[in-house]
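Here subunit A shows up in two complexes: once beside subunit B, once beside subunit C.
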Partner chain A sequence: MSLESRLRSTLAGRTEEEKRVLALIAGFLSIVLVLVVLGPVVALTGLPLPTLSISFIISTLAIAGMYLLLTLGLNVQWGYAGLVNFSVVAFWGIGAYTGALLTGAGSPHELELHPLYGLVVAIVLAAVLGFAIGLPTLRLRADYLAIATLGFSEIIRIIILNEEWLTAGGLGVGGMPTLVSTWPLSFTTPVLDPIADLLGAQTRTVHDLVFVMLLTFVVFLLLRRLQVSPWGRVLRTIRGDEDVAAALGKNTYWYKMQAFVLGCVIMAIAGWYYAHHVRFMTPAELDPIDTFYIWVAVILGGSGSNRGAIIGGFTVVIILQGTRLYNDFIDSILFFLTIDEAALRLLLVGLLVILVVRLRPEGILPPQREHIWPAALRERAGEEGEQ
Partner chain B sequence: MVDQLPAAFVEWIVSNGQLFASGLVFSSIIILGSIGLALVYAIGDFPSFAHGDLMTVGAYTAVVVNVILGLHLAIGFVVAMVVTAAVALGTDKLVFRPLEGRAIELLITSIGVAFAYRALIHMGFGPSSRSYDVGGRGGIEWIRETFGVTVTPRGATIVLTTLVLVTALHLVLQYTTLGRMMRATAENKELARISGIRTQRVLAAMWLIGGALAGAGGVFLGLELVIRPRLGFSILVVLFAAVILGGIGSVYGAMLGGFVIGMAHELTPMIGAAVGAVPLLPAFGSEYDAAVAFVIMILILIVKPTGIIGGKTSA
Partner chain C sequence: MSLGQGEGYTYDGADLEKPNQLLRVDALRKAFAGLVVTDDASLAVEEGTITGLIGPNGAGKSTLFNLISGFYKPDAGTVTLGGTDITGWSPYKIARKGLVRTFQTPRKLEGMTVRENMLVGAQTQAGESILPIWLSPSRVLKDERNNLDRAEEMLELFALDHLADEPATDLSGGQFKLLELARAMMADPDIMLLDEPVSGVNPTLAGTLAEHIATLNEDQGMTLLIIEHDIDFIMSLADPIIVLDQGKVLTEGSPDAVRNDDRVIEAYLGGDGT
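This part shows the complex of A and B:
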């Protein structure tokens, strides 16, 4: 089978959107490849060309994994169930601070527990708090949840900033152990360390990258399974028309609560990973703008689609890292304008939210066949093949 | 026994008089902000998360007039009301109206608008904090002598101007054709349109009024606090608490809610001490002023989600 025919057969069963996204990914990857190859060339010749180092790509991907988890979590809430959660960063922060305070050497509690305790407590805490927020608001119209979660996000930030006995306040918490150096993951060290050396990257970053990508993959598979399950169908009905779901005898309140809590837990897991990846947490990281990076990712990717969430999450990471990477470049062109980088990013996110909702509310890769039970899809493909 | 109670109450008020006086000033600002938010909620049918930053627009407009051009703040105040109203109307035409009333899309878009306002202000004026070039920081002598509390001319101006604006809005809503059209549209948009009301014009008037009041509130907020790009966004939660307490979409509810929440916001140290007196509960200070507003909001959502004045009845 030649390469061309193999490519043809891969593309044959794809929708227009999928083909377009595949082309975009291929184009983007080839640009990255060129930039990486240019690295040694520039080092040798000193030409003023933009380059990418492999260690930069690896550290970006290790952070990207966290964004993908957050996007998948919000997709359960907004994409599956139509719930407007504006406290993504708060649940992320709860996970991160739980991990940091239980395991960090710089924690005021001096517990230095194993990271698994942090994970369990983070999940329980996020579930309890998500439940508490959902309790009064999920019975009401969707906008009440939006307002309550925006407030909740601010309160969590104020508490973490002010309760120094609990969270070390503005000083921050540091000294968390890395995840992969601890049992039960330490067996991977002999395998991954040579790879890291080969790539010229920090071994810790390579470990985290492999860990977070596996974690994201497991969450992705789990959510995809849930989406086609009866549970996922009920949530889609609620999102489309809650009265219909209620008329069919479904306890819509309880279903929305489950989706909300599940999303919050995934966000807390993302935060827990971040605490052990960056190994330093301050309350300043709980900026509400981070919540809306995730919102842009979900809507841009295609609300309700897990693949879309992954695409959207990557896109937002590229935008964020891109603005950081080429900040000097922009500065050198627009030297006559002193533009604050934080303000520029705020404007960019604001405009993206406005434009995506207006121009492409269904996103890049809206859910289509993802909603169909896979076996039914194969059956139909088989019937068409016979005809 | 019974006649001792009012005396104790008066004594309690007097002993905490300073907190109540500053609460009154802050309440006025929250009332101005939450009325506009309630108007949008009633007629536009979505919670505008950009309303706090609309107040920031007003505060910075007055900075331009008062600090940069060097004119009196009173002129800055009027200009701020006009400019903020124009910005609100322009945003509606450009951003909100094309979404044709899809509430959730409008809600999410309004966050984008909020960020865009704040980012542009941040770019134009920088992140540093500013203050108006106006006096009136010292206490008014006769008030201090009579009531034993310090009220600055600034505070007195804020309370009196708010009274005038709120009264004017009340008269417009109750006694003019525009007011009747607004109330009808808030009650039932379809029915209003069938009866020949040009709801688009009513919407425009609503944005102008809400924007102007937000501009006024923004200038007053800038008088009381330091002016920075995050000024308005940081009190958004307080505004929503006021609107939900009063009942979503009810202008009179927003006035009442704004008063209560504004007071609670300023009385936070007292509330914190009172909560601390209860066993097992921690005492807290003024850093939790937004949290107090939030907790009141959640309690209202549990007990009476329609708010005190309830539903979209009196707009």
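This part shows the complex of A and C:
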């Protein structure tokens, strides 16, 4: 099969929007490639061009995985069910601090448990707290959940900061073990370490990158299956009009609860990963603005679409990290302005949101397919093909 | 039969003695911030009939629908469906018990096709719970297959099959009302409550809708309770007609009897009946 025919068969059956997004991704990857190639060129000639190192790409992707999990989690709540959750960073923090306190050498509790304990406790804790918030608010109008979660987020941050006996407070918690070097994943290190050496990257970062990308992929597959199921269809109906769903016999309160708790659990898993990735947690990490970065990512990608969540998540990471990387380059272009880079980052995110809302209010890649069980649709397509 | 003295004329109330009462409402009362909207309303719907519910603006027709279908909780009184007391039940439980309603204003579901809309109507689908999606996908597939077949049949019945792939938001007002009917049928109800099925629908499509409703009643034995402002439409379709005025049942009778009842004309024209 020639390259061209293979390309054609991949593109067949894709919608126009999907093709456009594929073209965008291809264009972006080309730019990345050029920047990587420019690295040695600049090293030789000393030209003032932007470059990109492979180790930077790897460490960015290892963080990006966490953002993707958070975006996927919020997409379940807002994208599937229309629930407004402003405590993304709180559930992320619950996961991170649970992992840190149970496993960290620097934890005040000196437990130093295996990371799997941290994962299980983080999931249970996020589920219980998510349920507790949902219990009184999900029966009410949507704005009450928004208010409750906004308050909850601050409560969690302040508890972590002030309850020193529990969380070590402002000192932070460190010394968490890495995930891949511990059982049951340690068998992968003989394979991954040579790859890391080859790329000239830190072995630990490569471990984490592979781990978080696999984790994200598994979560993505699980969520996609849920979305095209009758379960996902009911949630979409609730998002459209809750009364219609109730009038058709759906227990809307219970469905909203499921979506809310599921999203909270995914966010906690993202935090758990982060604690073992950076291996040092402080209360300052629970910055409320991160909640809104995740919101931007979901809306940007296309609410309700898992692939959109991935694209939106990547876009936000690229803006956040890219502006850090090219500070000097941007300064040299905009030499006539004295700009604070952090402000520039916010400005860019703001501009992007305005552009998307103006030009593509439904996001970059909104849901493209019907919410119908894929196996049943395939059967149907088969029947029609035979006729 | 509940007799009451109205403002200037006598409230006969509805016929509560009829046989085979599928739906029965007794002394239902609802007040909003002191304003009594439903004032001891009692009525009965006989199985297999198309019962019309008319009344001037503000008579409390939609409130009565919301009370029956569980969207409002009554202050007093009872609602009985097929012999079961369903007073105060959640809307979804009432729907599962066999009473499905439509809404006065079209409520379109953003981003869903006509076919997806239909599939939401089906009850007790295995794939609506998280666990079977993972543990018994074959059951999910079987249900989905059956529901797709049924959706196709229903869409054909309502002459919407050519629109199955279209976003439901693209349908015209009349087509959407048809879709709502077809979707309600997916739930396999015992009784349907239609809130102004032809409001905002052009006369030709209103005729089509009337035919479809009549067919549902005759061929499938569906019981219907219909609120409608279009008097000609409801008079030609429904028998009996229940007249609601100021939260109470004024009278009930055949279309001709109601049409010739002075109190009905007065209620529509006279406001407070003085």
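Everything that follows uses one rule, which is that the second predicted complex is superposed on the first by the 340 of 387 C-alpha atoms of A that agree within 3 Å, B and C clash if a C-alpha of one lies under 4 Å from a C-alpha of the other, contacts with A are read in each partner's own complex, and residues count from 1 in each chain.
Rule of thumb we're sticking to: a contact is a pair of C-beta atoms (placed from the backbone, for glycine too) under 8 Å apart; a residue touches a chain by one contact, two chains touch by 3 or more.
Just so it is clear, the model here is predicted, and its values are computed rather than measured.
Look at A:295: by the touch rule set out above, it reaches subunit B but stays clear of subunit C. Contact with subunit C, but none with subunit B, is seen for A:229 once the two complexes are overlaid on the shared chain. Residue contacts after overlaying the shared chain place A:366 against subunit C, while subunit B stays out of touching range. Using the contact criterion defined above for the overlaid structures, shared-chain residue A:136 touches subunit B, although it does not reach subunit C.
Shared-chain residue A:244: touches subunit C; no touch with subunit B. Overlap of the subunit B and subunit C interfaces on subunit A comprises no residues. Touching subunit A in their complex are the following residues of subunit B: 46-47, 49, 95, 98-99, 103-105, 107-109, 111-116, 118-120, 122-123, 126-127, 229, 236-237, 240-241, 244, 287-288, 290-291, 293-294, 297-298, 301-302, 305. Subunit C contributes residues 69, 71, 90-92, 95-96, 100-103, 107-113, 115-116, 119-121, 123, 125-130, 133-134, 137, 140-141, 143-145, 148, 183-184, 187 to its touches with subunit A in the complex. Residues 225-226, 229-231, 233-234, 236-237, 239-241, 243-252, 258, 304, 366-367, 370-373, 375-376, 379-380 of subunit A are the ones touching subunit C in the complex. Those residues of subunit A that touch subunit B in the complex are listed here as 82, 84, 86, 135-137, 139-140, 142-144, 146-148, 150-152, 154-155, 158-159, 161-162, 289, 292, 295, 299, 339-340, 342-344, 346-347, 349-354, 357-358, 361.
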